[in-house]
Amino acid sequence: MKLVGAALARVEPGEVEIEVPFRRELTQQQGLVHAGFTTTAMDTACGYAALTLMPPGSEVVSVNFNVSLLAPAVGGDLVARGHVVRSGRTITFTEGAAYVRAADGSEMKVATMSATMMRVELA
Amino acid sequence: MKLVGAALARVEPGEVEIEVPFRRELTQQQGLVHAGFTTTAMDTACGYAALTLMPPGSEVVSVNFNVSLLAPAVGGDLVARGHVVRSGRTITFTEGAAYVRAADGSEMKVATMSATMMRVELA
Amino acid sequence: MKLVGAALARVEPGEVEIEVPFRRELTQQQGLVHAGFTTTAMDTACGYAALTLMPPGSEVVSVNFNVSLLAPAVGGDLVARGHVVRSGRTITFTEGAAYVRAADGSEMKVATMSATMMRVELA
Amino acid sequence: MKLVGAALARVEPGEVEIEVPFRRELTQQQGLVHAGFTTTAMDTACGYAALTLMPPGSEVVSVNFNVSLLAPAVGGDLVARGHVVRSGRTITFTEGAAYVRAADGSEMKVATMSATMMRVELA
């Protein structure tokens, strides 16, 4: 996520929020943000959310994610939130969503994610 | 996809292949290609595959995709293939996969996608 | 759903709850409720939830659903809830969950669903 | 699956086929087979397929599945096939499909599944 100026806006046990300031080069021809980029932001939020509930020395790997593209992501900053639905020893189930935030602070939900995360031990 | 040097390598009715030459800036800290980038490549291949079977004047929108991350995508060029499973008037079901291609031409499947595409009329 | 004694417990605009009284014949060898049955209950709740926001003369068809199996569904009545995340002219995005309700009324979430529904005109 | 007369029609390493003879009570009002039932058949085929590649003493649990409903499942016997896409120590990725088989032996694909399976040790 380093490339795109993303920042961890909030980290709590089982919940993470990521903000990505609007940048023109993230948009496609029609001014839309890539679905892949929205996906990366939600995947990152979900992965960190899972990590907050894992024991020290853990790393998290995305096994599977399912994304619904509710609406075009146009203009504005992108906000992605992820939270843990159920945390197990090996598998953690997470859900996330992405929002476009307008200049007045209002948000529109543009995508949702359901992601299966796996804990791996750091080498 | 313009940003990342992707190219349409093959287009046939219901089938599309996309190639993305390896570039260091696509990798994360560990030399892995972003899951979001792999997803974008598969989504694009699936979307174009759907479009090849639609009447002129159609545009394609991704409604939903499900991605399984089989293995880390390390090094090499990325190849994404998409094909149509069933093409309907409104909804087209597609499947895709992403591969890392080594210098000797061998490929390793690193991710799979199942994507639901919707036809919309061009304005 | 007629076969299995399911009942609509609550119907509001964009939200539906279904209850299925515990019956031994729904369980597998280990006393677990089939994943397929839990899926049917959530799919039905999501489909009805979508239908509540559609114009008269509409019928709803499940296009795709994604199910996470959080925990074994053992004993107790099954409760499935579905709600609309975004309702469009053709596509409605829904989410649902299934719970096992114990005799004391407490509930355990056992599965989640993200389902894409499509509106079709009644013949 | 005992309830519904399903039979293992073919078992090979990493591949399983299940057949379910047509029975009127599996159908809904319109003569369609439940999506939940089709899902159960595919989930079972995928789970057994995963199990064929696991060491003795393993049990398989479905973590997540994603189902696309390509066409109504009307009449005829139901056939579900599952195969392993990638088998790991803990996680096995599988894909499956369901078909309606007509009296003349011809098949129509009615649904596809992508399922994430987890290996657990038998107690």
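Should a chain be cited, it is by its letter among A, B, C and D, assigned in written order, with residues numbered from 1 in that chain.
To be clear about the criterion, contacts are C-beta pairs under 8 Å (C-beta built on N, C-alpha and C of every residue); 3 or more make two chains touch, one makes a residue touch a chain.
No experiment lies behind these values; they were computed from the predicted model shown.
Among the pairs C-D and A-D, the greater number of C-beta contacts is found at C-D.
Taking each chain's centre as the mean of its C-alpha atoms, the one that lies farthest from the centre of subunit B is C.
Separating the centre of subunit B from that of subunit D, both taken as means of CA atoms, is a distance of 26 Å.
Put simply, the C-alpha centre of subunit C and that of subunit D have 20 angstrom between them.
Our note on geometry: subunit A versus subunit D, Cα centroid distance of 32 Å, whole angstroms.
Residues of subunit C in contact with two or more other chains: 63-64, 66, 68, 114, 116. Contacts from subunit D toward subunit A in the complex involve residues 63-64, 66, 90-91, 116, 118. For subunit B in complex with subunit A, the touching residues are 2-3, 25, 28-29, 34-37, 39-41, 43, 61-69. Within the complex formed with subunit A, the residues of subunit C that make contact are 66, 68, 70-71, 85-86, 93, 95, 109, 112, 114, 116.
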